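So the structure is just underneath, and the comments pick up after that.
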Amino acid sequence: MNQDSILEFRVRYADTDKMGGIYHSRVLEWFEMGRTELFRKKGTPYTEVESRGVFLPIVEAHVQYKHRACYDDLLRLSADSRMHGKARIQCSHLIVHAHSGEAVAQGYTIHACVDSGGKVIRPPRWLVELIQS
Amino acid sequence: MNQDSILEFRVRYADTDKMGGIYHSRVLEWFEMGRTELFRKKGTPYTEVESRGVFLPIVEAHVQYKHRACYDDLLRLSADSRMHGKARIQCSHLIVHAHSGEAVAQGYTIHACVDSGGKVIRPPRWLVELIQS
Amino acid sequence: MNQDSILEFRVRYADTDKMGGIYHSRVLEWFEMGRTELFRKKGTPYTEVESRGVFLPIVEAHVQYKHRACYDDLLRLSADSRMHGKARIQCSHLIVHAHSGEAVAQGYTIHACVDSGGKVIRPPRWLVELIQS
Amino acid sequence: MNQDSILEFRVRYADTDKMGGIYHSRVLEWFEMGRTELFRKKGTPYTEVESRGVFLPIVEAHVQYKHRACYDDLLRLSADSRMHGKARIQCSHLIVHAHSGEAVAQGYTIHACVDSGGKVIRPPRWLVELIQS
């Protein structure tokens, strides 16, 4: 996986739960933040993808939780994308502690490609190229 | 405030934070759940309000936090609505421990009335009557 | 998978995103709500598990998203648990539309077993029996 | 209000709701992020406050929602703190669009001061000085 570091962010109090670490569903929000920055870095922000009438709802998500992260920890996120078959997109994400490099979570999301009416479509060529760039 | 009890629900692990109680922003989600049930109880679900082209975005929110609530606590919610001036709607909410009746949080939200394009409108008569019923 | 229906709940406005359906990370919160009710139904609430000094942090989560769900939809949740090897617990979850039975999401979570200090432990016998009951 | 700009951040997809803008409770999470950076800027991170045994649970929150914010909008946050009577702390927060300066939300939170057992305490001198610095 050829992932570039994309952004750093801090764990919010809102991200924690009574066990003292992070609540697990928050990692999916962080992955989403990573995809947003990945698309921007590739040159076509995801807002632009949507304004061209293409939406990428998630059809599958997988997360592995590694080392603990706590409130105010500085984390670093990287992400990557590739085609998953001819009609779907797969994004890979990795979150590590910014200082130690220790992994916090990694996982993938698989996205369908739909039009503004929610109908499944083949990803247009510009999108395939964007994903593979 | 003439509030009827509307629904009971349990605190999720997701609602907690590292201090061991609930994370404060979750109370606003619970208030929203209370408004949803309030409208249903009044006879016009909020989904129906929206399908008639009227939306009620929040312009102000106020919460007072009382006794602590913890994971899996059973809470009871009540809510009420009235007009706030001629163009806005005010909803009041109260959350208590279902068994002891001890208050967890109370507060209000003030809502503007907009059309599907986001333009501020006067609340239609049927909505005013619904709110005041 | 021998899952019993455990609870019904409605999609909150807070659960939606700008695409009009539910934001995907919310499904993990619903799964958690399902596990909470599963443990209660088995006779030992998860609060009781924690007060015995055993915690079950998530080490892996997988979700498949099926049919769309929208604000105020009534959903029904079922869950089941089994041992995953000798030291981990696997919970399976299924969320369907309460009226049509159409699947919204399904997935599993894998949990480690740790003590109050966060140290990985073998699940005590009572827990293994609870999980397999 | 003498607020310094503290940090910039982008609206996540997770922050949106079906109306297309942001879901209102998210603003309280952003305020929290602002307080975290405010304490760091003052020289004593909030993690340090807690490791000295002082916790600042919220007893009241107020938010006014101004101009709409949407997915991927770049927002700028400022915050300030002062004593509220002798025993409580008040934080003020303002969120604006980073480019236009247009206000998105503003509001305050009022915090009690408790020890690690949850008992209300008088804010220690170092904390009062920190808050007023």
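The first chain written gets the first letter, and so on, giving A, B, C and D; residue counts start at 1 in each chain.
To be clear about the criterion, contacts are C-beta pairs under 8 Å (C-beta built on N, C-alpha and C of every residue); 3 or more make two chains touch, one makes a residue touch a chain.
Please read these numbers as outputs of a predicted model, since none were measured by experiment.
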By label, the chains that touch chain A as well as chain C are B, D
Would you identify the chain whose Cα-based centre sits farthest away from the centre of chain A?
-> B
When contact pairs are matched by residue number, over half of those of A-C recur among B-D, A-B or C-D in B-D
Same or different: do the copies chain C and chain D touch each other through matching residue numbers, with over half of them shared?
-> same
Can you give the whole-Å distance between the Cα centres of chain B and chain D?
-> 23
CA centroid of chain C to CA centroid of chain D, Å | 32
Take the average of all CA coordinates in chain A, do the same for chain D, and state the distance between these two points in whole angstrom.
-> 27
Counting only residues that touch at least 2 other chains, which ones in chain B make the list?
-> 13-14, 25, 29, 32, 71
In their complex, what parts of chain B are in touch with chain C?
-> 10, 12-14, 29, 32-33, 36, 45-47, 71-72
If you look only at chain A, which of its residues touch chain C in the complex?
-> 19, 21, 24-26, 28-29, 32, 55, 57-65, 68, 109, 118
Mind pulling up the chain C residues that touch chain D in the complex?
-> 13-14, 16-18, 20, 23, 25, 70-71
